[in-house]
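Next come two complexes built around chain A: one with chain B, the other with chain C.
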Partner chain A sequence: MFKYVIRRVITSVALLILGSMLVFLLMRIIPGDPTITKLGGSIKDVDAQTVESIRSELGLDKSIPQQYLDWVSGILRGDFGASYFSQFSVTSLIEQRYGATLLLAFMAMVIGTLIAVPASVAGAIWQNRILGGVLSGFAAVGIAIPTFVIGIMLIIALGAELGLLPTQGYVSFRRDPFGSIESTLLPALTLGIGVAAATMRILRPSLVDVEHAPFVRTAKGKGLVRRQVVVRHELPNASIPAITAAGIIMAHLVGGAVIVEYVFARPGLGSLLVDSVYQRDYGVLQTLVLLAVAVFIVTSLVADIVLGFVDPRLRTQAVT
Partner chain B sequence: MTAIAPTVSGAFETGRSDSVIRRLLRRPAAAISAAVVAILLIATLAAPLVAPYSPTDLDYTHLFAPPSWSHPFGTDELGRDLVTRILYGGRTSIVMGVAATALAMLLGVTWGFTAALRQGWTDEMLMRLADMLMAMPVILIALVLVAAFGSSTPSMIIILGLLFSPATARIARSSLLGELRTDYYLSAVSVGATGRRILARELLPNTLPVLIARATIVLAEVIFVEASLSFVGLGVQPPSTSWGTLLQQGYANLYSSYWYPIFPGLVILVAVLALNTLGDNLQQVLDPSRT
Partner chain C sequence: MTTIAPKKALTDVVLDVRDLEVEIAIPHRPVIRPVRGVSFTVSAGQRVGIVGESGSGKSLTALALMRLLPPRARIAGGIAVLGDRDLTRIAEGKMAAMRGGRISIVYQDPMSSLNPIMTIGRQITEAITTHEPVGGRAARAQAIDVLADVGLPQPHRRIDDHPHQFSGGMRQRVMIAMAICTNPDVLIADEPTTALDVTTQARIMEMLAHIVEERRMGVLLITHDLGLASSFCDDVNVMYAGRIVESGPSRDVLRTPSHPYSAALLESICRLDSDVDKPIAAIAGQPPLPHQLPSGCPFHPRCRHARDMCAAEAPVRTTSTGREVECHFPLEQLPPR
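Moving on to the complex of A and B:
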């Protein structure tokens, strides 16, 4: 087990380094000069000396490999570099914003799981066509329905019309935990429906797959009732593909968060991303993209390690 | 009963594409979604003939009107009919979607076929690159590319096309690898047909159904992402209208009219759902083993 974990960690670190290079190169290839952003538009009215001093301030006068090393060594010290647009450093911009996104992602994950797992289990226990059809329909619509459409409908139904929940903004968790969770409920529900649909699309077919496994026959044979067979024997085995796909579901979550934060006017990392695209702030942009890549890689790593515990077969095989 | 039917018809099939369409339309979900897609395509492309009003007709006596017989989807902030605006906006969404899908297919198929035909080191490199690009959330890369290339129509098409090419490459590669193991391919090689002739006359037609299924799903995803980008104001720019910009304007006027954002949202949902269902069913009909 220890060797398996070490091997997976090394692969992930290598992937992360590769990913950071890719992000950095991407940001250098794309057109647009950060000095112009910093100056706020035109470069013509400014003398060459000012341009030069801004370039050296941003470290743009160094060679590309040197710039990359500066960037990475800064990140390792917790310094994400300078924003090309605002006066704040990227680190402080992210510090102000990550709370809203973290709480949103966490609550969406919880809500998504709370919908997907019981629904899939119910579908496996009571195998009738109507319930199956309803669940498949929910999964298909849940995948296809754009996040902003769910968000707008929830705002209209629960927020604007009934006035049950706040529809805009975010209260800091540290200042007011209850208010913070309350302000996150609608966005998290919006995002959670998509997460639930994505999870159900993986979980339900794999529940059908394990239906004919020998251990299920044994469990039935020793006289367990249907509910026990499904919950104790089928679900743990069927959840393996769902855990494997955690990285993909996470990517879904990150993408959805960008839109959801816009719909609900949440000051999170997603809205920071949209703002920095508007402002062509590549300093913030490259950090956020790198963070998203890191989240994906770390989620996959954690999922693989969890799988190693759940499924002993994986530890002995050469899994990379 | 239903489980046997496909195998029987499959055993006697002669014209492959013909029987694929028949088998597809025998599935209720597929038939309905095919009809929905056809209606949407015709209605939006023929918008000037079908639309009840002109998209520039202003009516200051009916601002934010709720649905009624004269305006089934209501009206917007300038009293324009929303059915009309959605039909005209759909032209942008669909034309852009089809163009981007074509680009994604062209790039993806070239990418995937190159990997499958070259194999070895080239294959490994190309597919690792595809995997890495696929690992990043689509919206995220789309936003970065919009920051770089702007959001004019040509650059939106390029961005969306680039975005969906890696996943297409993966599917194109695996479908071609499947064909390379078949007898007809080996016999074509053994009679001495040239590489280009085999590719154009034998391999491409046989991978085509899989690629068409893929294109259907790409189109759904392109429409989805275009709407998302336009919704946050980074996609199609007003005065051009797409389903995404209509939704954005509707959302901005949410408290004046609940109906305004709902109908563009529903149309996007229906289009994406129908295309997805069609693509999924096409895949299942083509390759029953994978379901």
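Moving on to the complex of A and C:
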């Protein structure tokens, strides 16, 4: 098990380095000069010397490999560099904003799992054609409908019409935990529906596959009732593909979070990302994209380690 | 619920199967009946065999008794009385309590029949706690004991291992442990050693014989191997195309087969004594498929003794001196020596 974890950590670090290079290069390739943005959109009235000084202030006068190394060594020291646009450092911008996103992602994950797992298990236990159709329909629609449409529908239904939940903004968790969770419920539900749909799309077919496995017949032969067979034997085995796909589900979640924060006007990392794109703020943008890549890689790593605990075949040698 | 006259008290019969029929209805295909009126009994401590080529309906018979038939198959007739309950009629909830408690099954493939991500200990204790009001610790102690009984070395240490850490033979021992840990009245073993090599097969059958003797458990051994059945069983039932065509004490059937099919099975073993793996392929022709049964006696296209009457009329069962045969022209039985 130990060896297996070490091997996965090493590949993850390698992936992360590769990812950071890609992100950095991408930022240099996309058109638009941040110097111009910083100068207010026009270079005409400014003398060459001011432009030069801004370029050197941002480190843009150095060679690209040098810029990359500066960036990476900064990150390793916990310094994500300066925003090209605002006065704040990227680090402080992220510090102000990550709370809203973290709470949103966590709650969406919980809501998504609380929908997907019981629904899939119920589908497997009752094997009712109508229930199965409803669940498949939910999964298909949940994936097909864009997140912002779900969000707007929920805002209209639960927020605007019934006035049950706040639809805009965010209350800091540290200041008011209850209010914070309340202000996150609707956006988390919006995102959670997508997560649930993505999870069910993997979990339900895998539950169907495992149903015909010989060990399931053995479990029935012991005298277990349907519910016990599904919960103790089918679900743990069927969850293996779902855990493997956790990275993909997380990517779904990150992409959705950007949109949800925008729709619900939440001051999170997603809206920071949208702003930085508009402002061509490379300093912020590259850090946020790298963060998203890191989240994907770390999620996959954690998923693989969890898989090692779930599936003993991965951690111990087989007898041949 | 049907209750059957107390035959049990007299003869100790624990499982009484009569005229069992299994039907499979797959949409857009004719309904087939792969099990067509099978009858036999199993008494406490008795070892009964069902022998026949692949496709003769042995596994479906076993699965019907467990009420674990595949989705499109159903019991279409007959009864199967275990104790005083008709297994073909009791409610699913009551049947679940019987499964693994009063009647257990061991399948052919020990590789895939165990849950790969659960320790063998948990899989066995699960069977115990489902049927007995014991706590986790007591169940674990019981599991260690039963693993020792089936000949697993160092059971106290290996109980927390997972299936992939065992060889095929050891896995089958674990399967047997799981099936017998609740002391069922009847143990069904469907080709329990077919997937294993000959030496392992012999050791496991020896262990099984010892255990069922000790616990006075009735056994239904299902196999395509007449040699194995006759060495292990008290009685054998020879099955062909969904019917039992000959039954009797295994010594007698083996020495003086009365049905031409039994004789052909026996000959194929004797002829290919060294090649134990494929003894039955030696009978010319193929066993019939359930949807194209020959008229009259289903064996007639392959039977060396067939006459005109055999294709026209199905033979009825005749009984003489503890032997039942379904043939128009049973082979002449030699006087007992």
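Everything that follows uses one rule, which is that the second predicted complex is superposed on the first by the 315 of 320 C-alpha atoms of A that agree within 3 Å, B and C clash if a C-alpha of one lies under 4 Å from a C-alpha of the other, contacts with A are read in each partner's own complex, and residues count from 1 in each chain.
In the analysis below, a residue touches a chain if its C-beta (ideal position, glycine included) is under 8 Å from a C-beta of that chain, and two chains touch if they have at least 3 such contacts.
For clarity, every value in this text was computed on a predicted model and none was experimentally measured.
K.L.:
Does the superposition put A:Thr218 against chain B (first), chain C (second), both, or neither?
P.N.:
second
K.L.:
What is the contact status of A:Asn237 with respect to chain B (first) and chain C (second): first, second, both, or neither?
P.N.:
Once the two structures are laid over each other on A, A:Asn237 reaches chain C alone.
K.L.:
According to the stated criteria, A:Asp311 is in contact with first (chain B), second (chain C), both, or neither; which is it?
P.N.:
Once the two structures are laid over each other on A, A:Asp311 reaches chain C alone.
K.L.:
For A:Leu285 in the superposed arrangement: first (chain B), second (chain C), both or neither?
P.N.:
The answer is first: A:Leu285 touches chain B but not chain C.
K.L.:
Can A:Ile249 be said to touch chain B (first), chain C (second), both, or neither?
P.N.:
Neither chain B nor chain C is touched by A:Ile249.
K.L.:
Check the residue A:Val274 against both partner chains and state whether it touches chain B (first), chain C (second), both, or neither.
P.N.:
Touch status of A:Val274: first partner only.
K.L.:
If you tally the residues of chain A touched by each partner, is the higher count for chain B or for chain C?
P.N.:
B
K.L.:
Quick check for you: in the superposed arrangement, does A:Phe148 touch first (chain B), second (chain C), both or neither?
P.N.:
It touches chain B, and chain C stays clear.
K.L.:
In the complex of these two chains, what residues of chain B are touching chain A?
P.N.:
Per the stated touch rule, the residues are 132, 135-141, 143-149, 220, 224, 227-228, 231-234, 247, 250-251, 254-255, 258, 261-262, 265-266, 268-269, 272-273, 276-277.
K.L.:
Any idea which chain A residues touch chain B in the complex?
P.N.:
Within the complex, chain A contacts chain B at residues 18-19, 22, 26-27, 30-32, 140-141, 143-149, 152-153, 155-156, 160-161, 247, 251-252, 254-255, 258-259, 262-263, 273-274, 276-278, 280, 282, 285, 288-289, 292-293, 296-297.
K.L.:
Touching residues of chain C toward chain A in the complex: what are they?
P.N.:
So the residues of chain C touching chain A come out as 66, 68, 93, 96-101, 104-105, 107, 109, 112-118, 126-127, 130-131, 162, 164-167, 175, 178-179.
K.L.:
Any idea which chain A residues touch chain C in the complex?
P.N.:
Going by the criterion above, the answer is residues 213-215, 217-225, 228, 232-233, 236-237, 240, 310-313, 316-319.
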